[in-house]
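Have a look at the structure below before the remarks.
For clarity, chains are labelled A, B and C in written order, and residue numbers in each chain start from 1.
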Amino acid sequence: MQGMTLPGRYFTDAEVFRAEMERFYFDRWICAGRAERIASRGDYFLREVNGESIIITRDAAASVRAFYNVCRHRGTRMCTVPEGAFAGRIVCPYHGWSYALNGALLGAPHMEGHALDYPLHQAHAQVWEGHIFIHLGAQAPPLTAQLDGLTEKFAAWRMHELRLHQRIVYDVRANWKLIVLNYNECLHCPFLHPALNRLTDYLGADNETPSPNYVGGCMGFRGGAQTMSTDGVRRRDYLPGLTEEERRMVAYFAIYPNLLLSLHPDYMMTHTLWPKAVDRTEIVCEWHFHPDEMAKPGFQASDAVEFWDTTNREDWAISEQAQAGISSRAYTPGPYSPREELLRAFDRMIVEREQNP
Amino acid sequence: MQGMTLPGRYFTDAEVFRAEMERFYFDRWICAGRAERIASRGDYFLREVNGESIIITRDAAASVRAFYNVCRHRGTRMCTVPEGAFAGRIVCPYHGWSYALNGALLGAPHMEGHALDYPLHQAHAQVWEGHIFIHLGAQAPPLTAQLDGLTEKFAAWRMHELRLHQRIVYDVRANWKLIVLNYNECLHCPFLHPALNRLTDYLGADNETPSPNYVGGCMGFRGGAQTMSTDGVRRRDYLPGLTEEERRMVAYFAIYPNLLLSLHPDYMMTHTLWPKAVDRTEIVCEWHFHPDEMAKPGFQASDAVEFWDTTNREDWAISEQAQAGISSRAYTPGPYSPREELLRAFDRMIVEREQNP
Amino acid sequence: MQGMTLPGRYFTDAEVFRAEMERFYFDRWICAGRAERIASRGDYFLREVNGESIIITRDAAASVRAFYNVCRHRGTRMCTVPEGAFAGRIVCPYHGWSYALNGALLGAPHMEGHALDYPLHQAHAQVWEGHIFIHLGAQAPPLTAQLDGLTEKFAAWRMHELRLHQRIVYDVRANWKLIVLNYNECLHCPFLHPALNRLTDYLGADNETPSPNYVGGCMGFRGGAQTMSTDGVRRRDYLPGLTEEERRMVAYFAIYPNLLLSLHPDYMMTHTLWPKAVDRTEIVCEWHFHPDEMAKPGFQASDAVEFWDTTNREDWAISEQAQAGISSRAYTPGPYSPREELLRAFDRMIVEREQNP
């Protein structure tokens, strides 16, 4: 039986969107950023998740913690600066309630004689290979369960060693799933990405059997290219630990719901997806390199950044056109080709989670 | 019994608006523009109808066609440039599905072995006197039925011969019906349009018995005016074919739902109304002249364009004030004067179509 | 039993907001501005109340009147200029219907032979100590009943004698009740208002027993301050009629629902609150002085205006953070301290009016 695209309501119905946010963003591990952003105790950054502001910090025991940015006194959002460092405690600027970095209430002026059991509302937080994951639900399964066998698969890239070089944030007028669908196939590459299409064969993806938690595969280079960059030239040493085979390909994996992980021979690119509305998604794209390379005089990465920034913008533009067209009253599901199998797997996961919440 | 204006919900209720869009814009012939815009095979322009993007083009047999701007593969909006020319086929930029100018699917890469019956979703399209009308419903009656006896009435103006000189698009914060109501009476002319009021007698309209499909009438000039322009001076020859009587008047007709047709001795002005929301309407105003006149050295039409542009803006401003006032909790229907009979006819049509959909 | 803050829905639910608007703004006296704005017959200003435009004017008998800004003919909003003077009558610019300054219909062109009983929709209007109050409900109790014993309490300040020096309008992204709550306590002063905190003792408020119609109290100066200003120096004579005790304090009263009245030894500051949405409030702040002082050469008041403008902005910023935090799914009511008793009284009033509408 031929696979068909999802009905339009999955991309246009605010109620479906609300339910998906509950299911995929508030009841699942999501990738919030990199552990290096909070290298020291007290460092923090804010991450907005569909309107919720989350404080991600490192406590006195050096553990990563995540808290709702809400004072327990009168509900004030305490932090507004996107990143910084706490001086040992988190203090609400309104009336001075203060909390330890593990969330415990330390001080509450003028609450004479009242027993106070008001720690910060906490979310779950764990680190995997340098990626911070948070889970905003009451109960969280182990992160490793959600990440399946990905640790072994990507061990060679030593992701935890890599360091951020550049971040670009995009505001895209498309449903978050259209971004995942776009990432999961390269049939559009000859039409949309002439530069990219010179470096890899759009029919040459070696896709893995889809898992319930991710889909992806690898693509080898062609025409003498050694990495994804403006000219295919690799200007940095290979990441240490890669086999000959791993040096000749890029691994593209969509790790549900919000991490698109693109592992190159000489760098790692990550996209994290932050839905704002049924038809709008913020996308954070980051380029990470090996610190040994970054320390070399003359290190530069504009070849990789510019290449993907251009490709990103091409993808976002067509995703916005997809959003617009699917919103039409005339839209009806259309036929997937046999080469869009990963998209069908993603769609099936979406529908199954909807039917078995 | 005295006529009263419509209850406020007709102008403020989003659900009434939605139903009116179904009734008047998605189940009726609407005027989409002029046939001259797509003079050659493959020429096209896009027309947005309450959020829907429609491609209007001329096919290989020179017939005018209208399609939803939605690829049948994954729903992508294919065209984004407002007007242009297709090179023989319509190609989706995402994965290269291609369609003939009559909507038939010509190519769908990688759909190996699958029978494909996915033509573009088509709308009805017909041309009347150079005006393109489209009908977005499944079934469409003949356009001539909706246009009643208008062909004979306006034959003398030879509208199909006329050519566009200028287009101005207005974004007006008022319900679409308030624009029609404003057009259907000149009692406001002494108060709002001092320039216009010098050229015609605001009590001198010779209105026809209202039809279910249009209302209108003619107004003669006064004070030596020969056309509607900044000074009443006519700077162009009469349109060929007009009688002496037709040379001394302007015909103003509101052809439901969206064409306001204003025929002058020496030019045609059209307004088409494009509702965006219950309280917002895009209005496209065009001035059309005879090509013989336009070919003359020194042809100019700023006297007509500026005159009506000023008058338009006066009308849109008061319509916005009407929208604001009708939105008040204090608004209650008020009494029409005997000279606002065309407005009552329009209101009756609105209510009758609501009650007998 | 310890008091707790209100549940989140009071600050985030559009339906709760709509009901509160009915209850507090459309069925209660609200302070609309000062009588001096319409000193002469025919003077008027417009006041928007949650989307309604109200004309406030002085009629031929010198009485203050309030009307909905809606023509009885076709519902047009008649006035758009925020303030001015009518030349004896209110004329609709659309078709020339005209009304006396007491609201009676004077003229309606072309309504031949029809009996016309269409006066302007009127609201109640009364003046208290120079403050204009309006009541938009069908029936209104006497204003004095709502103002309880406030006339006697504030008689010494002779508010009706004071004159406007400056007005600043703020657009704040917070529920209107958060503005009242913020005004009703000074526990935040050491944290937010370093300048203010030098002039008064934040624990030194002498609060009155809350009334169902207002809450408030007085604060004495400290450290040699004589008024609230950038440096605590008083640059104007005391208001005439104040006792020694009244000269040494500021009276801060929140008069429900929308007037925050701050009486200083040498000036009066007023805030009026105009909710726009559940999470947005327009705040009009005015500084009023005695005309004898204003007439003196070299009169200036920037010390008072700048002091409070800075303080205002600090309060609006933290109120916006409160709005953001309370909107979180993690927000739960938190404990009031014993020194936040006025806030509990306000909350109780809100809940009681909700339960006994």
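FYI, contacts are C-beta pairs under 8 Å (C-beta built on N, C-alpha and C of every residue); 3 or more make two chains touch, one makes a residue touch a chain.
Since the model is a prediction, treat every value here as computed from it, not as a measurement.
At the chain A-chain C interface, residue numbers used by both copies make up under half of all numbers present, so the two copies contact each other through mostly different positions. Relative orientation of chain B with respect to chain C corresponds to a rotation of 120°, obtained by superposing CA atoms and rounded to a multiple of 5.
With centres set at the average Cα position, the gap from chain A to chain C is 47 Å.
Among the residues of chain B, none is in touch with two or more other chains.
On the side of chain B, the complex with chain C involves touching residues 2, 5, 8, 181, 187-188, 190-192, 318, 321-322, 324-332, 334-335, 337-339. Taken together, the chain A residues at the contact with chain C in this complex read 26, 51-53, 68-78, 80, 93-96, 108-112, 114, 116, 118, 121.
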